[in-house]
């Protein structure tokens, strides 16, 4: 559900500026640009700092951990079980969230709200960055960021020799073998390289199927991407040690790649880093093949 | 002697009302934004007060529904979710989380509370018709409720397995929450709660008659089937309404009536009104620690009531041991 | 005072016929006691009058069919004292007896002063006023039995049904309960139909006995007529001797064959 609208955010900001006559809440921004932003979305936090809006941020949620400067801000808010009163008591003028659970309550206080749900495509990612740029007065930096992301991604894709298409892969979300199909956002990332996802036909209609180990071994993927390294301690070694998995091509040819959980689950500027890592892995695997 | 007992019960009712007033005052004064000042009045009015009021309404309705169900099924272990209301609401919410978000963006009303409400009512209706077709006694209804709840839960699990990305949201909703309370939520549930409460209060004398069992009650002139049907409908309506905005808050509906019986009287003409007042005060107070003392986030109310549930049950057990 | 008429009363549980073509006429103010072995159908007749089991045939009170009445109207005509009444432990005596006023309280209403005064009066007359505020769980079997009878009296119904009123009581309380019922019968002009196991007591208090066997009436009349050794031996399968006291009391005494 996409309910973000920068127009609404800006309008709210202006209305707030106009209407806050007698209550002494300081939600009126100085020049239409919010200076007291609270981010409850780790991805949005990364985007904000990347477009130069970092010093306009006054607090972030407990899972926002990048960049390092972000951790200098108070970072114990919960994005999952938000305490509206606590958030409002910090007197923000813009609250950025991943879902609209508390949107109504914040708006009733005249606090501007921007909702950026998980991206379903690259267009979503660029659109969110641009909207944040507009909302925080960093339109230029946002456009620059989008441009550099697009060229970096294009470069990473070009770095892989043709003929690498048709390699198969398995993306692991957790040690109980939950995976994603190519219709998911991360699936689209792999799709840039023409990789084929073994989970696509596992459970038609389910974009997050839990796979059966026999199925994986039989599908024999060339590449295995582990997105459960930080949460659950999985490594290429632990994967190779799983009974029966040593028969998989990816295991035999060094095609089990440990990725960063955060990079795999966010859709911010660092998706470029993720894509670069995938590019290297694909290039190496193409050489092997 | 009869007159004397009535006076002392009235006194207790007044004390309970005073407790409720105190709870509301405490709830209004405590929170991360601080005490009541003109500076934070807009936060108090828009965020804190609707939550306190909603907590009161939800606590009152769940306790009243629980007490009514206990009366009509003559079973102290019964809670307002007995006939499948909880499982139905959970299934409705799960379906919305899994399939309903994208298709309903442009709807003027939020599909989530609607689905929960409809789910709860539908489940109880199925339970009632199945139970009635097998005799309609208290026991068959309870058993039908177990079956319907099991079915709803199974479907819900199946849906979640195929849509595991919404598991967190569903779990959060099921735990029960008051954190998203707004005045519009209060306006939404109030008509149902008022109607349900009025109907239930009017029937409290009948619940006392039912205490001697279906058969003897019938020989005393009670229309057992009709009383049971009306009470079930009213209690379910009120429960479905509050569940739709606050999720599944557990333990209140079963604990508060027991507490009331322990301290005041077992007669339903007192248990029902007392449960309303005590239930409201209880949930308002139970909501305070989860939201007022954590600065960054909060503990969902369902978790707090669950924590309180276990020791309370033990207290009730011990008191029952003394009586026998 | 009211009369009860039975016309071909049939009570079926599934396909088992518990009562077959029971026809009788109980005069106003009469005490009819149903006797018979277990499963003879005694309780079923009472439950049919109380409206607790479906039946075929007609039961009339003062000539009017009982089944046509609403539950409230029936409760104002017939008071039923079950064999094992459910007595909630934490109900008080007054609350319990007050339940008997249910047929007279409107659906949406509550008890009136008259109802409460009547209950207090009943408790007084039945010597139960000290139990008014006591919880039922703290009372003995005999005291509870008297409270059930008090509840039936509070119903102000002209017909009183008693299902095994003495089975759970000791001999002293048995006499007490039956004396109480007889006194109430005479004071209020009640018509009583009871089911009892104790044959001597049945003969002592009832005006008329009806012996039921497998749903059929096999003997009906006063105690001397019904309580005969050969009759009892045939239908109870018991060996007894029957003694007639000078005052007319019929005493049934079980007999043992001498042990060799």
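Letters A, B and C mark the chains in the order given here, with residues in each chain numbered from 1 onward.
The rule is simple: a residue touches a chain if its C-beta (ideal position, glycine included) is under 8 Å from a C-beta of that chain, and two chains touch if they have at least 3 such contacts.
Quick caveat: nothing in here was measured; it's all calculated off a predicted structure.
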(request) Sort out for me whether A-B or B-C is joined by the greater number of C-beta contact pairs. (result) A-B
(message) Suppose chain centres are the mean of their C-alpha atoms. Which chain sits farthest from chain B?
(response) C
(message) Report the inter-centroid distance (CA atoms only) between chain A and chain C in whole Å.
(response) 80
(message) Centroid of chain B to centroid of chain C, CA atoms only: how many Å?
(response) 44
(message) Centroid of chain A to centroid of chain B, CA atoms only: how many Å?
(response) 39
(request) Over in the complex, which chain B residues touch chain A? Could you list them? (result) 31-34, 38-43, 46-48, 101-102, 105, 161-165, 168-169, 172, 177, 179-184, 291, 294-300
(request) Under the touch definition given earlier, write down the residues of chain B that touch chain C in their complex. (result) 1-2, 5, 202, 205, 208-209, 211-213, 215-216, 218-223, 261, 266-267, 269, 323-324
(message) With touch defined as at the start, can you tell me which chain C residues reach chain B in the complex?
(response) 50-52, 71-76, 78-80, 82, 85-92, 94-96, 99-100, 102-103, 105, 108, 110, 116, 120, 132-133, 137, 155
(request) Show which residues of chain A lie in contact with chain B when the two form their complex. (result) 1-3, 23-25, 62, 76-78, 80-86, 88-89, 99, 101-102, 104-105, 108-110, 178, 203, 205-210
